[in-house]
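Right, I'll just put the structure down here and ask away after.
Note that the chains are named A, B, C and D in the order they appear, and that numbering of residues resets to 1 at the start of each chain.
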């Protein structure tokens, strides 16, 4: 199956380019009978859309989604759900000169040499704009998981450039443009972004995503382990350069006597594993972290070459996010939701319906992950 | 496709349990006409096999592989290549008591609740022993990539527990049991492992894998990006908790003015991207790092529960690697080889044969990545 | 991968319902660099669309296709090509009473019990209207195959109800509403259809599809043989109940001395095989035949049951094809094109580019298959 | 996924060549907890194996299967089940001269030009011997379907060459070497085969397969309809040239007033559909028929060419089935079982467990299909 489809049973096939007429997705495999309307998708789309603060790109897109199929009288029918988002703020500018050069850190160079030609308008297919249909599709998965298992997925920014953002309160994540779980840090983050923008530069970020009330048993060893598929989905997000589950890279310096989460009758004593054991969900909170690189589109000039290999200087004007990480939280949540949904169906196929009651212990750490 | 197959076109389907009669793999999609014999596979199997030093498990397995099909008169025929490795050092001990408990940090708990039953003998399917057929299968991929494109894949350990291992010389990697690229560090590593073993504890490690002479253009956006599929393969290795491409988590604190690799007529000026741009290989060296958690099987007692949820203490005896990272280097190489091989075929399907000559610049950093 | 995607490398994912807002498809895996516009797709869409003669449904649909992505400045970019066809002649009638009953021979009953609910408007997803996006997608494949290999695909009706239609002249196929390769039969076919319509009944048909200049070597044993994948695609067309390759069911009474096509230096002496040997294309013409059942929607009343299982009588009014076979020729061609395209890419992946010149003999029967 | 794997969730990956060291399969996705031993597989293997009567090949193979994995203490664990069958009666003869020529009607020609080389020993991978692991794998599916739904699958020969074999009694199918459901026909069939063998010729056959107690709702429109996937599986069997569901090619001359199966409160009034409506199982008996071509390996000389394209004569000696149809019944049953099993799991994934009780009517024709 070609590279624009995610999932085996709950599949999302996306299409579109940043400045083409439309972007969208076909969601196949959705269980029938679930109430669904555009309203269910719009909330997450609005969290991701551009122009919501001065710290993100000022492109004006409503990102209004239209459901073209798969829903009858307000319920999913089990047939493909096609989602369409018309682009409305494309730029009619001449992209001819962009076609002649390769912007450093961008996909221009690789698309050109893979395909022999490329759509240069705003990055074409490689634009982060293409995460919009993914977010819309994932809203379907989020809803089903919530209704079927009570699964809740949420993300937050835990670091912006050098600034670490201590987790304080999940309730405030949606109240600031950074998805920071800490209100007191917001002024510092805003000042940081303002100075960065003034300097014509960009920075990276660390995003964390959690899922609680994940059924035990999701994931298929050997290769399609739950954490492996999460890593695939996360690393596929634009600008992501690293993925961690649980203790992640800190595991290197941990001892086995410390890392292996002990079990008590009332639950796990810790969650270094991040919610998977042997690639299968343990019922503990899933804990995922990703590293997002600094935006490559910056005002500062950078050296590059043109199509003939001659040296030149590239300076990126136009509308760009000085930190793509700021809008990445709903995207990372979406990816986690899609992986969980696919594995929920895969599990049901082989093993029958999830039976929560079988677990002898409660995942004690589940609730405390926000503390 | 169920979870025990890796790849879309060059597929590896593995089977077997740690203490069952045999383990193996079926490799499908291999291009025809390549010279292949068991000797081609044995070298990497020997690098991975147990018992090669006092720092790894003392289980005695020759890991002799038999090719059952797909090769005629010494050449691949394009039909499936079945690989069989008989287990020879299974333990006949009674596993009944292991079945009654869940070892902390192991897959016992999740296998039990996913499948309703599990093979307790040495971890069954979740044992790292199952990486042997993967390593054998990947040797086929390595050979083809080398012959077709000159691609070379190699890995090394860059950190053991708290000890960072500076990269010194690729030539010495195979000369020590740690796959360290630095001879002078070996005595320290040995002492560290000896003290750890004496303490009945275990530690984690950081492994890096590189590929040079990777054709430009491998990887399929949006979802099956080269780095996304690498992350999937790597996170699927037993005990891996984190994956980085290029600068990885360091990208968070980098500026865009620093991270985006500039291009000159004679090549890239740096390789923060780690060899992919927009999820497609750029011709620069691929640079991947993984975090391996400390082995969960340790002599020190840990608290756990039994099948009825009652508290108990688990102490793991038997033969175990005090740091699974020590044997992980050939495994990580294998995973990278399989992903590259699959994408080489996928690229050829859509875009025709790779044409090296199209790239206007040489990947200047390719050679220097070891410096 | 869920059931609404066809193909492994050249994939077509369709969506939509007969009376929803739109139908369409996402075509992934298309090689880059091919000239493509809506005009390339419209010709086949027009051959399939309703209302072109009095012998087919009178629904008025222009079936205008819009390309939403994957094409830049007139050329395919290698990214997904989204195709959108708005429905324009939906009926606003109340489908409530249809929801209460199961029309004999229709999918009402099975959709209801599979999904628990169904879209009753014109058959919803099970309508033959959903072949429109397939035909549009296949036009892309047809074009690529023609340009790459000179492959030509064409179909015709060889039987309508009891009336066999002797093959006379391929040139006249497009000149009559039946896709009959025999002008002299057309008056008889028209009279037959008129009497059938008057009787409120329907009939079946036999459609044949051929491909010439098919590269040698397409098809992947064991399971994804070329003929197996053709059978899958053809049997998946609405109303198809049988598929034959080459001699088909006549093979049963043939002797081996007759059936096995002898080879001479200038080509094959016959084509009982229908163009495949061992599931791989031989370079001879591909010859496929399908059986299409009579339309289930007829004016004559039929006995059925309602949702509660109580007996009732169903009489289908509205716009229907009295023989769906009349419009099936471009659909069957489309399916053959999609299978060939997918296998052309699969072959290229494993074995490299097709090399026509290797075949020592010309497929002598290729040209004569129409005689 | 490459061509040697069948199924999406219950997958069978086969390997091996006719005269290599072994053949086998890896079965992935099997639900856990089912009792399984080699005995469960051997019965069908014995029905298929060579040498059971004078009318089939005299090759001596015990076809003893070994389960290498996936079963612990007599129960499936949910991990891959590897099946190994050692070849024991390979011929050590020199195949060099066979390599120089292409046997008419065989895959020699197409394998050679697809792969550039081929294993000539007994047809290599294209041999019908490779159906043995499929039959073994399908025995697992048959058992699960029987235990889960009471599904029963059986086949029989309904025509041998020109001789039609009226269905008389299912109970006698296993009592004769032809799988004929009519004891009185057996002497005629034996005489027919004896004369054919004496003439050095071969003939075709028609095989029918049925499944009863098939759950309602199996099959995934649009493309992976149940009948489409059955057609794929059946056409992929060696020597099959045609597939019919229900009325098959007779549908062409039927009227809609006759074909569409009416429904009564106590069941369907007929079964022209063959058990599927809109590609989804209706609960009626599945009825499939296949056409098997005459064996291409015959003693009578046939004209062909050699590797250089020069004319020559081929005469096939050695051990061959004069009608491969005689051993095809268990193979066709196996294919049907595998498709049903895969779709049973796919259905469960999307729609949850099959609920038999929902169907308001009994499939009245189910029981009578043997009358």
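Quick notes on this one:
Quick note on the criterion: a contact is a pair of C-beta atoms (placed from the backbone, for glycine too) under 8 Å apart; a residue touches a chain by one contact, two chains touch by 3 or more.
Chains and their UniProt names: A, B, C, D = Chorismate synthase.
Quantities reported herein were computed from a predicted structural model and do not represent experimental measurements.
Of the pairs listed in B-C, A-C or C-D, the one whose interface repeats that of A-B, with over half of its contact pairs matching by residue number, is C-D.
The chain pair with the larger count of C-beta pairs in contact, out of A-D and B-D, is B-D. Inter-chain spacing, taken between the CA centroids of chain B (Chorismate synthase) and chain D (Chorismate synthase), is 39 Å. Separating the centre of chain A (Chorismate synthase) from that of chain D (Chorismate synthase), both taken as means of CA atoms, is a distance of 45 Å.
Those residues of chain D (Chorismate synthase) in touch with two or more other chains are numbered 1-5, 8-9, 14, 29, 32, 78-79, 114-116, 125, 221, 346, 350-351.
For chain A (Chorismate synthase) in complex with chain B (Chorismate synthase), the residues that touch the partner chain are 1-6, 8, 14, 102, 104-111, 113-116, 125-126, 130, 159, 161-162, 201-206, 216-225, 227-236, 241-265, 269, 272-274, 276-283, 291-298, 300, 302-305, 307-311, 346-347, 350-351, 358-361. Contact residues of chain B (Chorismate synthase) toward chain C (Chorismate synthase) in the complex are 8-9, 29-32, 78-79, 221, 345-346, 348-353.
Contact residues of chain A (Chorismate synthase) toward chain C (Chorismate synthase) in the complex are 1-5, 8-11, 13-17, 20-24, 26, 28-29, 32-33, 66, 68-70, 72, 75, 77-82, 84, 114-119, 121, 124-125.
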